[in-house]
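Common to both upcoming complexes is chain A, partnered first by chain B, then by chain C.
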Partner chain A sequence: MNFKHKYLFLLPGLLVLLGILIFPIGFTVRLSFSSWDSFYPGLDFIGLDNYIRLFTDDMRFWEAFGRLSLLSLTTVFLQYVIGFSLALMVWKQIVFQRFFRVLFLIPMMTTPVIMTVVWRTFFHESLGPANDFLSLFGMQPLWLSSEILSKFTVILVEVWQWTPFMFLLLLAGLLSLPKEPYLAASIDGAGPVRTFVYVTFPLMAPISIGAIIIRLIEASKIMDTVYVLTSGGPGTATETSSFYIFIKGLREFQFGYSAALSLTYLVIMIISFTIIAKILTKLMVRGS
Partner chain B sequence: MSLIASNLSLKPDEQYHLDDICFEMLQGQIYTIIGRTLSGKTTLLKTIAGLIAPDSGGLVLDGNDFGSIPVWKREVAMVYQQFINYPHLTVYENVAFPLKQRGTQKAEIHNRVMNALSQVGLEGFQSRKIQALSGGQQQRVALARSLVKEAKILLLDEPLVNLDYKLREQLREEFKSIFNTKASADSILIYSSTDPVEAMQLGGQILVMDEGRILQQASAKEVYENPNSTKVSQITNDPAMNLFEGMVGEGKIILSPEIQFDSPTHFKGLPEGTYTFGLRAVAITLGEIGFPFAIELSEISGSETFLHLKHNEINLVGLLDSVQSFSIGEKVTVKFDISHLYAFSTDGSLKSSPYGGLM
Partner chain C sequence: MRLFYITLKYLAVTLWSVFVIAPFLWAISTSFKDFQSVTGGATYIPWVDFEPTLDGWQSLFKSPARGGVDIVEPFLNSVFVTAAGSLVSIILGTLAAYALSRYTFKAGPMRNGDITFFFISQRIMPPVVLAIPFFIMLGKLGLLDTLLGLVLVYVVLLMPIAVWIMVDFFNKVPQEIDETALIDGCNPFQAFYKVVLPNSIPGIIVAGMFCMIFGWTDFFFAFILTFTEVQLLPVAIVALNSSITPWWSLSAAALVSVAPLVVVAFIVERYLSKGNLSGALK
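Entry: the complex of A and B
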């Protein structure tokens, strides 16, 4: 076959890539240097104005980013700990093993938005069953309208919804571990706890890092839970970066500025995940 | 120190994996368990290690019940036929692993690990990852890990079986030297193998196993010279001892109308009747005078030639100490060295051997 013809076969894929990835990114970059909004639509070039505004005059974005970091790191940490515990529980032969494996996956099979509506109803401060029950003990927590508790509620719903995904990844990892090191460890004098610390955890480190990064990427895009559960409130107590960009772009129609926000967010995320992956590798693989 | 097994039995399915196993093993000795695949060797070693619980019977070490001690608290070390190590650790960390579990001091761990690595010829490899080692080196790491523990019982489950021929030969010599110096002096060393040559080279005591039972327990020399049954003679010889039916009568041995010869002197007193005779391949060669056989197959192995011979219903394997070529079906004259002939009863038990005379 002629060498040049090989590129012909690559063309359909390249065209799709160009259409769905390269063009939108290129357009967003160009958009971020424009003042396009609902009053003045168009790609008027305004240089770095949007970026200067973002870095000098928009604390709300950086607060939202700090909140996002807190929510995503906390939820993924909890998902990892709970998911790993559940996976370890059904990894070995236990009674009703298959039943529990399916049971733990059920939250992931539900529709996130619908389940968030259910959770919102559950935590409704005057009509919800949570407070209905707690009122028996004289408590009426403000699940959705307290600055601190609303963050806890968002974390709880996210952990409930996505721990099964973590569980699934970690269980698959556990099931693929070689059996031989366990034979060696038992002969070498390691009891169950030491076997976990010195064999299971280190062997699971690469899989754990992958699972954590996948979940962090997902968690950093947190939008639907916040949108349905609290709409970013009370005030901006649960407002995250993506929700803030959504407000700027699709509620206030500041397309140029929201493009600058999106690109800055993208760059920060790429740098953050690279650093997190390196730290995790150092801690989990080399450390163990 | 002694390890006593009394009536160990294990029957997880239709077949016994261990069938009434009894033995006494002493400190400073090498015990080689030899048997075919699925004869129960690995099951027995795993039972001693505590990885498998027997249905009945017990193990006593130094007068104390050994069977009820959990596996991680038993004073045993084990090397498996697969190269079992910790893939995420370095060579040094692998060897140090059992000592860390015991809470040994860092300085002592270092000394013992370096000593064990030097014993198995892996000095300078301590910071390498396991995956960066060859199969033979990985098995040396596993051996070092078992030696460093200085366990009372050292179990080696066919440790050379997954290595190539050259490496197997080399490691066999090295293992023997290691066992004969340090390891076996302080511990009971139990080695399992399917290879009769390996078992004989290691020396010590041999336990011949088949279908979960111990068929014979004796020194390597005794098992070689006086295998107590046809099964043992098959298991402990490579190629398996040639067995053929025949009669003893009027001072002669009659295998067929064409193959008759005088009884050897060590058969003196053997009652007339039907026997199964045994002759090792090395005692069957070609000669000017002998019996007519046809070549079924000739195999060159190193500097020797194995001949698969046939005469009517008699099939034999002979050995020539030179490389020779033959065509299939070629007629040859075969000479028996009858001074090495064994006689077994028709139920398989040894009746006369060249080394022990009548049994």
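Entry: the complex of A and C
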């Protein structure tokens, strides 16, 4: 095929993306070596000071990172288990099949911050329905202002919001599975549990891995929910990495330092995702 | 035993459905309340628990000066930014995806797979990492607090999604159809435009839907990069959250913002059932 045409197809998109991104990324790198803040705006050069501060003197960043790992791994695990179960349930015969499929997709179509605003009224400690219901049993949990429970509330809202995404990818996968292995399994007299363990799960492994990785990437960015639901509180109980960087950068205007935080965080993320992808592939493929 | 399975299945499906619907029912009920019925503790059923009013819904169309929250303009802004961002992303993304699917590229050690990964990897970037330099860059260009600035940012956000879905889609469109068109005397652009594109409508619709979802539901960039001139719907509604919190207008506004994309759920399900989505999503 013609040599020049291929560039005319590719380059508009590539150049626009590069054009918009090259400045922000280059600038962030440069910014991370400066002490730009609201008192002394400007690009001075302070060497590795920001990075030294980050690695030696900022427990809050590492705590936020630990919290993020806990939150995102828990939510994605729950989303996978629930999403897969739901997909299996509406995959074969069920009454109102289409109704349930549409219903289970709806949360992912809604704007996270806006639904979080609604959830906030839902979990309001004296005026919301959650506590109104639980008060029948004499309970008045502090959904948003207790250290432990606020994490649980964030997880609950995230699971509500994003299980549909997992459900969608997994159901699309289930619907495209070949028929032959199932015939073979039923000839061998395998029951539903054995069929799932030896046929469905292994066949779904590649899709599962893809879906989990995508969700982990998106979950690691968790920020909107936290901002609206708890603002990172009480104290720093629900503060995640993104939210901490946001506070340093756009609340305290320590641009230089927040750039160093951003880049460090990005590198950690890329390394973690590579490792997680390798581990998942090993685990799931060995399973088959 | 079989009966047990089935009972369990319906129980689980019902429970999850209740969980999914709960916040919507709560918002619908709250949107018809007034000050009394919100602050007196949780109430649920209109006419039984509380006397419904239309104040919440009416306030959406009143200007703040007259005690309303006016979400008409933010709504239109959101529609424009989402539509423009999605359109640009789909056009550029589809072209790039076509190139990546049909031709081989070599740039140093980079191959097609690496270029595709470069596009998609933009999604790994947490918004907060990009927000600060975008803030400074748009400030320098005089594009802070403008619709155009937001569209630019949304293109970065959405093009990776378009490329990701379309590359997989084109890989499944048989190469013979473009080759036949080329033999029939089309140049590569005509072949793409007249033959490949019409066969790619399902993929483009799926990609478009995902761009719309992620554009419409973005909050963070709009929150950082706009102030007073341009306000998008999510930002306008979250702003309500921090003020004295009129729950009734807040709920009504939330429902308005959520409604358009619920339609998308129906379309996605149709594609899913026809088996078109599995090809486009893997």
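To be clear about the criterion, the second predicted complex is superposed on the first by the 272 of 288 C-alpha atoms of A that agree within 3 Å, B and C clash if a C-alpha of one lies under 4 Å from a C-alpha of the other, contacts with A are read in each partner's own complex, and residues count from 1 in each chain.
One rule holds for everything that comes next: a residue touches a chain if its C-beta (ideal position, glycine included) is under 8 Å from a C-beta of that chain, and two chains touch if they have at least 3 such contacts.
On a predicted model such as this, the values are computed, not experimentally measured, just so you know.
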| item | value |
| --- | --- |
| Room on chain A for both chain B and chain C (clash or fit) | fit |
| Partner chain(s) touched by A:I279 [first = chain B, second = chain C, both, neither] | neither |
| Partner chain(s) touched by A:V81 [first = chain B, second = chain C, both, neither] | neither |
| Contacts of A:I52 with chain B and chain C, given as first, second, both or neither | neither |
| First (chain B), second (chain C), both or neither touched by A:S258 | second |
| Residues of chain A touched, compared between chain B and chain C (which is higher) | C |
| Touched partner set for A:R194, first chain B, second chain C, both or neither | first |
| Touched partner set for A:P202, first chain B, second chain C, both or neither | first |
| Degrees between the directions from chain A toward chain B and toward chain C, using C-alpha centres, nearest 10 | 80 |
| Nearest Cα pair across chain B and chain C, whole Å | 13 |
| Common interface positions of chain A, toward chain B and toward chain C | none |
| In the complex with chain C, residue positions of chain A that touch it | 1-2, 5-10, 12-14, 16-17, 20-21, 23-25, 27-28, 31, 82, 85-86, 89-90, 94, 98, 100-115, 117-122, 126-129, 131-132, 160, 168-169, 171-173, 175-176, 192, 207, 210, 217-218, 220-221, 223-224, 228, 241-243, 245-246, 249-250, 255, 258-259, 262-263, 265-266, 269-270, 273 |
| In the complex with chain B, residue positions of chain A that touch it | 178, 180-181, 183-191, 194, 198-199, 202-203, 205, 285, 288 |
| Chain A partner contacts - residues on chain C that touch it in the complex | 5, 9-10, 12-13, 16-17, 19-23, 26-27, 30, 38-39, 41-42, 44, 88, 92-93, 95-96, 98-100, 102-103, 105, 115, 119, 122-137, 152-153, 155-156, 159, 163, 182, 187-189, 192, 213, 216-217, 219-220, 224, 233-234, 237-238, 240-241, 247, 250-251, 253-254, 257-258, 261-262, 264-266, 268-269, 272-273, 275, 277-279, 281-282 |
| Of chain B, residues touching chain A in the complex | 49-51, 70-73, 76-78, 80, 82, 84-89, 97-98, 100-102, 142, 145, 149 |
